[in-house]
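These notes are about the structure you will find just below.
Letters A, B, C, D, E and F mark the chains as written, and numbering starts fresh at 1 in each.
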Amino acid sequence: MPTPNSPPQPTADSDAEQAGLWAQIKAEARRDADAEPALASYLYSTILSHSSLERSLAFHLGNKLCSSTLLSTLLYDLFLDTFSNDAELRAATVADLRAARLRDPACVSFSHCLLNYKGFLAIQAHRVAHKLWSESRKPLALALQSRISDVFAVDIHPAATIGKGVLFDHATGVVVGETAVIGNNVSILHHVTLGGTGKAGGDRHPKIGDGVLIGAGATILGNVMIGEGAKIGAGSVVLINVPPRTTAVGNPARLMGGKDHPSQHKDVPGESMDHTSFMSQWSDYII
Amino acid sequence: MPTPNSPPQPTADSDAEQAGLWAQIKAEARRDADAEPALASYLYSTILSHSSLERSLAFHLGNKLCSSTLLSTLLYDLFLDTFSNDAELRAATVADLRAARLRDPACVSFSHCLLNYKGFLAIQAHRVAHKLWSESRKPLALALQSRISDVFAVDIHPAATIGKGVLFDHATGVVVGETAVIGNNVSILHHVTLGGTGKAGGDRHPKIGDGVLIGAGATILGNVMIGEGAKIGAGSVVLINVPPRTTAVGNPARLMGGKDHPSQHKDVPGESMDHTSFMSQWSDYII
Amino acid sequence: MPTPNSPPQPTADSDAEQAGLWAQIKAEARRDADAEPALASYLYSTILSHSSLERSLAFHLGNKLCSSTLLSTLLYDLFLDTFSNDAELRAATVADLRAARLRDPACVSFSHCLLNYKGFLAIQAHRVAHKLWSESRKPLALALQSRISDVFAVDIHPAATIGKGVLFDHATGVVVGETAVIGNNVSILHHVTLGGTGKAGGDRHPKIGDGVLIGAGATILGNVMIGEGAKIGAGSVVLINVPPRTTAVGNPARLMGGKDHPSQHKDVPGESMDHTSFMSQWSDYII
Amino acid sequence: MPTPNSPPQPTADSDAEQAGLWAQIKAEARRDADAEPALASYLYSTILSHSSLERSLAFHLGNKLCSSTLLSTLLYDLFLDTFSNDAELRAATVADLRAARLRDPACVSFSHCLLNYKGFLAIQAHRVAHKLWSESRKPLALALQSRISDVFAVDIHPAATIGKGVLFDHATGVVVGETAVIGNNVSILHHVTLGGTGKAGGDRHPKIGDGVLIGAGATILGNVMIGEGAKIGAGSVVLINVPPRTTAVGNPARLMGGKDHPSQHKDVPGESMDHTSFMSQWSDYII
Amino acid sequence: MPTPNSPPQPTADSDAEQAGLWAQIKAEARRDADAEPALASYLYSTILSHSSLERSLAFHLGNKLCSSTLLSTLLYDLFLDTFSNDAELRAATVADLRAARLRDPACVSFSHCLLNYKGFLAIQAHRVAHKLWSESRKPLALALQSRISDVFAVDIHPAATIGKGVLFDHATGVVVGETAVIGNNVSILHHVTLGGTGKAGGDRHPKIGDGVLIGAGATILGNVMIGEGAKIGAGSVVLINVPPRTTAVGNPARLMGGKDHPSQHKDVPGESMDHTSFMSQWSDYII
Amino acid sequence: MPTPNSPPQPTADSDAEQAGLWAQIKAEARRDADAEPALASYLYSTILSHSSLERSLAFHLGNKLCSSTLLSTLLYDLFLDTFSNDAELRAATVADLRAARLRDPACVSFSHCLLNYKGFLAIQAHRVAHKLWSESRKPLALALQSRISDVFAVDIHPAATIGKGVLFDHATGVVVGETAVIGNNVSILHHVTLGGTGKAGGDRHPKIGDGVLIGAGATILGNVMIGEGAKIGAGSVVLINVPPRTTAVGNPARLMGGKDHPSQHKDVPGESMDHTSFMSQWSDYII
């Protein structure tokens, strides 16, 4: 069962780690500003003028998510206050940055992810909305959800729980429902839905175990469990539990290797990002 | 056959109903403003400073959809003028708000839907574009369509006809083609396509009967009829008529119960929002 | 193999063609401005005040893609400078406008496409990002990619190569990976993914031949070849090469006519936009 | 004594006059838009897209005076509502436009004044603030005053009364205190102060009779009466009543012709705009 | 000699005083928001959503002074950080608010001054610029000066020293030079210049003693001393020292009562705001 | 007689001079950006990202003077096009920058003037408006005048002629009429008026000779000649010719030394900026 927030305890270590990462981000931005004067203003305003990662992130999110009726200064204040007072959130940010850098070969630097990855930014803004939700500041949390959905086309209910080291790659169209839980080290591609089952309330959305990989366009509906290290193929439609370390593909989804004795893999797909190794077992005989 | 706009006749009753709903929306917003000062400015500017639902909606849409070349004042004027002069549109807005509140367990209040639901907002803006289209003000209607697609990632051709009590849940990525017709009390999830069949013009898009439910990511192509009360499973690809009160699932879609004697349900899926009850018949034997 | 940029040689002819098209666009805009005063300001600022197509396009993209940290004047300058100095880019713009006008029955005029088609605008902005990438101005190219993804929900890696006469219809949710290549005269619907296979770098994305048509929601993963004139059905998941002039449908995709002797069509689907003629062979027997 | 608002009674005549003026303004704007495409967008958005002078003025003022915390839509609504419901205000606007056109040789057209004269715009916005003040909506009136002072550098207390046919030429730096009254057909140059006398409340500001001309930089302090048709020289400091049709100049001001038998002129300086005819009597013997 | 900053020592008392004033400001704003829904959004965003006077002021100044190249979030951060870390600045803000409320009969509430008085806002922003200057952050201080001059038409060199309890009434056009010093409890009307004497650097601007009143449009040039409690008449041009508690009027200025035995008053003009009591001695015999 | 534009002939020399000055401006901005990260974004966007002084200036003016109805991209284009095609304008810009740097002891660097001096910026924008006027593009020229007056509180009629090496110090409130001519190397303080004489058209504004200094708040009215090297004291009101190299002070102005044998100075006051040396002759005996 995913328990994404179980052993947090961010300590001096994680603060030191954050400081190191921030130094690296600034070095990257400085190198880019020197090489590309047309981008220097952007890099200074978003990164190089700030004294910490949380200030940079609060500034960037405030300016991205603001509207004519929700001013950037208000959002900046809200983000900065929340990140500054919650070491857990800061540690999750660091883990998410590392996840993108490690798993996405198109991610050329930490600063690239911090500035340009809508999935990363949507998750960080969601973490703030989630905290507001847990403090019963629901209307503000829902307003944030709406802005994230407008700006990034990523729709995460503020009640949903998201672990650390999570990557939403490309991210456009991701929908995560109210009672969904996403474990640690999960990778989710764009157009993925973790949806509900109807108009009744209650626990009705998927639970995604640690290390799961969910391919582009997959739809997972209902209070089902995707076991740790499982892999869901692109375009799959899943309505039933998927055992750990197995692969489900197709619409309707079937388990690779068969329902009774599904194949099990050793790697952690959420980290290895292997989307297509089941190809030989699955599609080859079809086309 | 869907005849979404057939017996409208909004009367004093519907005006009274609208006034009652508006009073409730203001009460909700006042409660939220009192509880959350950080959001009060947003709630006053969007709801509490307005004297009617149509003024609030025109203001909110004008500020959401404006750009540097299409000013908020121009759009506000256009929306306000259209809503004020068309009781039918106002009645449809009320029905859509009630639909979201009843069918979506994540919808905690009418004001939540009014402010934050991009599907609701996209539909209301579309209704104005549709009216402009029907008055041969096509370039303006198309400019509105483009802004709705940019801002909400919902792309509805202004010629498309949409009934009342319609819910676009999450809404990101919905595409509705020029000759599509959507009946009353329909619920459509995100990433749904009601698309055409090629480069020839003419009547080439789906007709969606009253009370239909279309799951996330479903693609319906061509001038096909989805019978009233039918249900289209998430991720389905449908290119042929679906009989009333039946369920089509899969890619390519098949009818639950078989082509010749499909199972028929009693409920109205567009209202009951039952996405997954066919699961036992369909996926269980697969995974 | 798609070689989209091979025989470019834009000459005086293409300049003359561009001038003719531009005259037509201005005539359309003037007609619309006369008919609809509410839109005239928009049409003058975006089209009628400009002396050339590239100035109009640079202005429109600069205003669409700007943010509080990437100013419109900077982007305008960048777009104008790039378009002005690259006749190839200008010729591709013309070809893309013609493609939309010819293939999309909902496209009522060239000016409609120029102003309102997010797919068209995303491709033009991508061409500039691609040029920056090829000149090793990678951080700026990636910042542009991010803005295109935020504003149009179209995510094209700046390294991806796109031919001429390409139509992204509706466009929301399209994702094109780093090593993808798209040939000439290709039509791609919304929610289409040309994705990679994992966390390893290298050549890992699809190659789309000339004249291919890819239906809504199709997902193509890995360094596979979609042969010229092939057709990929809506919602298909493709992980293996598809031969020229064949049709692949389903999840997992199968070839129409069977793996060994697939049916071959004569038309160029990317131009004919025939999404559904395979219906009789495929879905009919199912529903 | 100036009684600027005494016999208003705007009738069908003034409505007809307004309609005629509006037709002329549109004709001017159309001519300019045709001649200068770079300005056409501006002219369409501010004038040519509107159906009446009050809509154009409300739009222009709303966009000029808005800020990030006072949105243009809110101000537009307020201005449009006030102008639409008060024929007196509309008649005053017409009179002010005619005043500028007749008296200022640099005023080349009515549209030039409507769009570009900060004095004209400040007075029209003040008329709305004044109406709000008289309806005891004081905080809103004061917020408007502040925006007018920020944007136009013209500071008019909303309680001050201003007649019709008033010209604030150049206007920068004009200050008009709470209990000041300005008659009809008055012309006031920039940097003019109609100020108070101390920290006590009550009636403490100047009363300016009909047809008065006040030169640039003149300072008039206290509850003094500037008689009808009087002329106050540029840079004068006036603290005592000035009789009708006389001229006061200097710091401290003295009456031309002497205190006991001041020279009297026949013309109406507020309309003739004769700033300097006293020169021969005054400065010549000095320099 | 004015030593405006000599015995500051803001203590718990001044913090308590600030808290009391802040409570009163919020009460005023709440009353106004209840009475005027159209203004409530403005009042919530600027005052009612904030937890302290310095946060409200930093927010308001950040939004007023921002531009497309100096973002509101950056300015907000700068103002908030400076006010939060300097009790002296906060005490001066409180004293300035009290000065406006006491001395200006048109100032109906503290919130009115906080939101709407450009003189008050310019002085508070200057205090931050002055602190930056004193910390050798001169380019940033000068950029602030420029924004203050653009937005409020008040041009105060960041090196100038300004005491507490200072009122710039109306404020448009005030210019204060680099080496000027303004004492405590000074009142300065609009268009007042405290200017230099030429192109040589060094100490070259006026020193204004405690309790001085300077009338509208007065120009004081050079390193001259305006003695404590002196009064400078409107429109005066002063180039020589003015003794304490005397009145200088005219252009060129002369001392009331004569150079050798000038009249002396008992009151503190900067507090009593008596602009015109010398009238009987001065102008009466002229007009 | 001032003939400010007579022998222009900007040659390779002036281009070289401009290049040198631009290099110095960039060096200053780089130094400031290094010292003050909070300002670096501003300095990169306004100066360091640009390849020439005219691009930097066009960018800065476009962003300063834009409004919601006159977009920054349009203005940028207009300014850049005009500066790029007129070497005379570029040479005048350089001369004005040097004038500010030499004459104003508060001007610490060229970049300080370029970014922050509203007088400098107003003059450069006026030069473009003046060129438009001379090309009969009057409505656009007048729209620019209006924006300059709104944003900088400097109101210069586009027909007015301004020489090179001109400094408007502080600049707020300067008004320059339609037929005014300002020679080379003139210095004008804030609140100065070069005004007309009535409602008749024709040549009706002052002619200011080379090297003239006009003090703060001086008002010069009518078609009078201020001879080369003359000095007009602060607050003076001048309605008659002033001979070369003499000093006029007071309201009404008198010549120092008397009307018949006025004192003559040797220096060029517009360059020496000596505002107050006449003090000993003038004010001392008064106070």
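Operating definition for what follows: a residue touches a chain if its C-beta (ideal position, glycine included) is under 8 Å from a C-beta of that chain, and two chains touch if they have at least 3 such contacts.
Here's who's who by UniProt: A, B, C, D, E, F = serine O-acetyltransferase.
Everything quoted here is computed from the prediction, not taken from an experiment.
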Mind listing the chains that sit against subunit D (serine O-acetyltransferase) and also against subunit E (serine O-acetyltransferase)?
A, B, C, F
With over half of the numbers shared counting as same, classify the subunit B (serine O-acetyltransferase)/subunit C (serine O-acetyltransferase) interface as same or different.
different
As a test of understanding: of all chains, whose mean C-alpha position lies farthest from that of subunit C (serine O-acetyltransferase)?
E
Could you grab the centroid distance between subunit A (serine O-acetyltransferase) and subunit E (serine O-acetyltransferase)? Build each centroid from C-alpha atoms only and quote it in angstrom.
51
If you average the CA atoms of subunit C (serine O-acetyltransferase) and of subunit D (serine O-acetyltransferase), how far apart do the two points sit, in angstrom?
56
Just how far, in Å, is the C-alpha centre of subunit E (serine O-acetyltransferase) from the one of subunit C (serine O-acetyltransferase)?
59
Can you tell me which residues of subunit A (serine O-acetyltransferase) touch two or more of the remaining chains?
38, 41-42, 45, 49, 63, 68-69, 71-72, 74, 153, 172-173, 191, 217, 235-236, 250-251
Residues of subunit E (serine O-acetyltransferase) touching subunit A (serine O-acetyltransferase) in their complex?
41, 45, 49, 59, 62-63, 69, 71-74, 76-77
Subunit E (serine O-acetyltransferase) residues touching subunit C (serine O-acetyltransferase) - in the complex, by the definition given at the top:
68-69, 71
Given the complex, residues on subunit B (serine O-acetyltransferase) that touch subunit E (serine O-acetyltransferase) span 33, 37-38, 40-42, 44-45, 48-49
Please give the residue numbers of subunit D (serine O-acetyltransferase) that touch subunit F (serine O-acetyltransferase) in the complex, ascending.
32, 35-36, 38-39, 41-43, 45-46, 60, 63-64, 66, 72, 102-106, 108, 112, 115-118, 151-153, 170, 172-173, 189-191, 215-217, 233-236, 249-251, 271-276, 279, 282-284, 286-287
Which stretch or stretches of subunit A (serine O-acetyltransferase) touch subunit B (serine O-acetyltransferase) in the complex?
67-70, 74, 78, 137-140, 142-143, 145-146, 149-150, 153, 155, 157, 172-173, 175, 177-178, 191, 193, 195-202, 204, 217, 219, 221-222, 235-242, 248, 250-255, 259
